[in-house]
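Pasting in a structure now, in structure tokens, and then I'll have a few things to ask.
Chain IDs A, B, C and D follow the sequence of writing; residue 1 opens each chain.
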């Protein structure tokens, strides 16, 4: 694998800061009553998405979940379209139909982010099959949570993905909890084994990476992508990370042991990358610049019109 | 006066106190007390052997509940949102209601599956369905839907005490509504019995879940216009209480259905069809106030345009009175 | 004259020949040619990259089909028996019809799911359902049911060519029935259009699948009694062709539904309810000839007592003519 | 584990011969038009069921599948009730409701044999939980096929069974094919690994045994049963075996490589046990005696009355 260029590393730092600021902004506008429904925020998980998506080609497909803001922004979604979607406006990335849990842009290869746990895993496997059948240098990148590894769709999809050498890379963003339950309370594994160990049930390659280190995630995904495109099969990657916020807007995170959050913040992904590339000094400047972009985009988004029922009807069926 | 949500919790608590074979399975329901706080305190009160936090594996734990029931326990399974029921359709629709039959009555499956559904929360297309009619074509399952705090309590207690599988639906937008709730082992709802939520002489409105509340609001408004509306909380979609509805319609001669679901394949069309095939005389064609044929968006104006409003129900009543 | 089963195979063959993005997924459909021989020769003709033998993982491969469709392919998935559809309900009912909507129309999911269902084979409670109405409450899915060999060909071709997810049901007891089949890329059925299988003036009988055949048999018998029956093969349960049925009933004034399913939650009750709410005038109350509320046993006399017979349909027609 | 007594070994031999003769009889009466629907026969797989069930206690529960005749007979089902059920008569074990695919006797702990692949695995896990919660010396014995290991229910159930230490023992009867497809064509595994290897994904114990050797199966199940009852968790056992007949009545088994069937018949489970216990000479006598029982039971069963729709109604709901 060729090491990431200084420009790439710098852009990842900016992307992670952008995600952080955007998520904080989502919380802010939520409190202002601008966001209908609920939100699933990803502060703390920036490195997994930015590092992984940094390893993808422009044609690659991305599937994520209701906790998908970081993937959308890392993939380059327009900021105003992002905020407008979360606000349910016609100017949103999905015309206001999807909301916070479904912010995708198909022109960026983002083909879905279902709210149903595990539902995206077979779909990504199918997209990876399209690439394989057409012999394209292309993969499907599939993000999901630790909790998704216990549902049937995970098992069925991984078996077929390996059997058929689908050009897919699976990334478990293990943020330690499924809603309010620690993953070890719901996931039977050999003592101390990572969830990615489950890949061995299918003879599938797997890797465990520090999800707070964008460079480590990038390297692992880059290797997995190469393996998939070469026809050597999928890889199950586990990026070990943490969500700073509760599961969803209403969750204070009371179930976390004291000190756990702080310990993870010690290893903040933004700080880690900034330090590695000696850009710690630049962080404030970047933050200020991006904060303006975020604020302006959110303000413009708030001006967006509401969609109509007629528009919604038009979205149900293709002609 | 207690909340609908608390009524659910009390029903679980009272059922567990009354019968030690009752146990609970669901996601985040034990230590965390449930995503909708419907199990708060039960883990502490009854312990880890009666309240289980499950992995996210609905089909699996519904099947586990069947195994527990076949061997003498009475599990109550919580499906967080109705929209997650499809992941467990095999266990709920194809296994739970059929094993007893295939065995020639040798076994039985007293399992209660509860699910919270319904719109209004701006949760979007995959977390807003009521799901109440999804099992009508799967004969063998009883299906209940709670239209009030008392219903939430009585229907759930009845379901847990029943010796066959029952799916009990509640509505998220009702969770914080308050109402009188009489508890007790003698307050179980009667299986298959609809409830006249408001007696009236001119029009019969049959509703479920949140629509019961909105129908009652509509009835109040229409009273001022001199229209005396009878509101029936259907409560059970199987067995469907056709008799209570038919008797009411025999008096009023007018029928309006208020349902937070699509018309085709729903209990409302089943009821209208049953009355039509029975040749029930009506002074005006029945009206079904259902969801328009669009999917549910999280965008507020669209969700509001889809879920039948008090106004739409009132207009429908006016239309059948003309 | 070719068989209904062969018509399915020819539809798949012609669709694959006409569009190289069409591919097949299912259990034992490639090397073995399919449990019902509906894919014989296709693996040999189109190869391992277009005809896939899948593991037993219906929900998984229906989801895989969605992923293929979102990225430019047109998969056709075979679910061996309708009764296995519940294992894949999440993918079929909750994912396939909703991703395009949630994306605001950015994507589309041209997936065809075919399932063979129906009774008469003495297969018992878990392999005899038609399943035809199971998806009515899941708006966004088109649903077709083949009532003849031509329907089996034309509906499947139409489903594969359609740009949205379609579930196509066929009936196991029809597989060996023969009928005229005209093939060709211009012989696709029109989406949402019912077929008048037999014109008649006195009574309208609406049926699906095997019931179309039995309704036609009943019509012949009744002709001798001087009752001229119009038989409509509903063909699509969504979109439901209410207009064609309403127009027929407007002429005949009499309606009988013949369905191999329970009444509540089925397309028959949806149709009766739609006509009732539309105030369609009838000379006699409509009759629904449905399955009695029992589960299906493999014991021959019981299965025969449950699946509507030609005689029951004929009696229903006589009853509305009195 | 205490070794099986000579009496036990002798009884297993008789049971296996009984199963073989009964299955051949099912085929015979099928051809006579006495069996509605289809049948899934198990000739060749006798050792797995007889050996496993020989290790169970009287209170243990048994779950199997539509291919469950051997389990029913090994568990001691009355022969007439067995045949009558397959013929759909009121005098059948399930009143004629279940047929060939659902021949169970709850008084023998047989609580189900679903036609839906994988559906019994969570149910057995739940039964095993009942035993665990009540602290009973009891397990649920769950039989299923190789093809069932690829469906979601397998994954979901094994995870929870291990997580909760359910008192269940899982037995894969790997008869090499799922319908017409060799298991390796549908099951992704490390090169050459057995299916039971998948247990390691959950940190679950597993074992692979010669499914043609009733004694080997018995020992493995006896150990697993002890482990489960001791609270040490479930075991996934793979019994490697073969079905002599096609998948169902209409299947000629054309997909089998030439010679495969004969090679397996070389290792016929009845011959293997007879030899091991030096009872080869007794086999003919046993066969003759049991053949009479089988013929008489089938004849009596054929006299059985048909069930009525009213009876069927009564079976749907418990009071």
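We take it that a contact is a pair of C-beta atoms (placed from the backbone, for glycine too) under 8 Å apart; a residue touches a chain by one contact, two chains touch by 3 or more.
Quick caveat, the model's predicted, so the values are computed rather than measured.
Novice: Which chains lie in contact with each of chain B and chain D?
Specialist: The shared contacts of chain B and chain D, listed by label, come to A, C.
Novice: If you average the CA atoms of chain A and of chain C, how far apart do the two points sit, in angstrom?
Specialist: Centres of chain A and chain C (C-alpha means) sit 40 Å apart.
Novice: Could you state the distance in Å from the CA-based centre of chain C to that of chain D?
Specialist: One centre to the other, that is 36 Å.
Novice: Quick one: report the Å distance separating chain A from chain D, using the average Cα coordinate of each chain.
Specialist: Computed value for the inter-centroid distance: 45 Å.
Novice: Which chain C residues touch at least two other chains?
Specialist: 54-55, 57, 59-60, 83, 87, 90, 94, 97, 101-102, 124-126, 139-140, 293-295, 297
Novice: Residues of chain D touching 2+ other chains?
Specialist: 96-98, 102, 114, 116, 150-153, 155-156, 159-160, 163, 185-187, 312, 315-316
Novice: If you connect every pair of chains that touch, what shape comes out? Choose line, ring, star, complete or other.
Specialist: Shape of the chain contacts: complete, all pairs touching.
Novice: Which residues of chain D touch chain C in their complex?
Specialist: 36-38, 88-89, 96-102, 114-118, 147-148, 150-153, 178-181, 185-187, 255, 306-309, 312-313, 315-316
Novice: Could you list, by residue number, the parts of chain A that touch chain C in their complex?
Specialist: Those in contact with chain C are residues 61, 63, 92-98, 102, 104-107, 111-112, 114, 116, 119, 121-131, 133, 140, 152-153, 155-157, 159-160, 163-164, 312, 314-319.
Novice: Which part of chain B faces chain A closely enough to touch in the complex?
Specialist: Counting only chain B, the residues touching chain A are 27-28, 31-32, 35, 53-60, 83-84, 87, 121-127, 292-295, 297-302, 305-306.
Novice: Could you please specify the touching residues of chain B with respect to chain D in the complex?
Specialist: For chain B paired with chain D, touching residues are 23, 49, 52, 54-55, 57, 59-73, 75, 90-91, 94-95, 97, 99-108, 110, 139-140, 163-164.
Novice: For the complex, which residues does chain B have touching chain C?
Specialist: 59, 83, 86-87, 89-90, 93-94, 97-98, 101-102, 124-126, 131, 133-134, 136-140, 237-238, 240, 261-270, 272-279, 285-288, 293-295, 297
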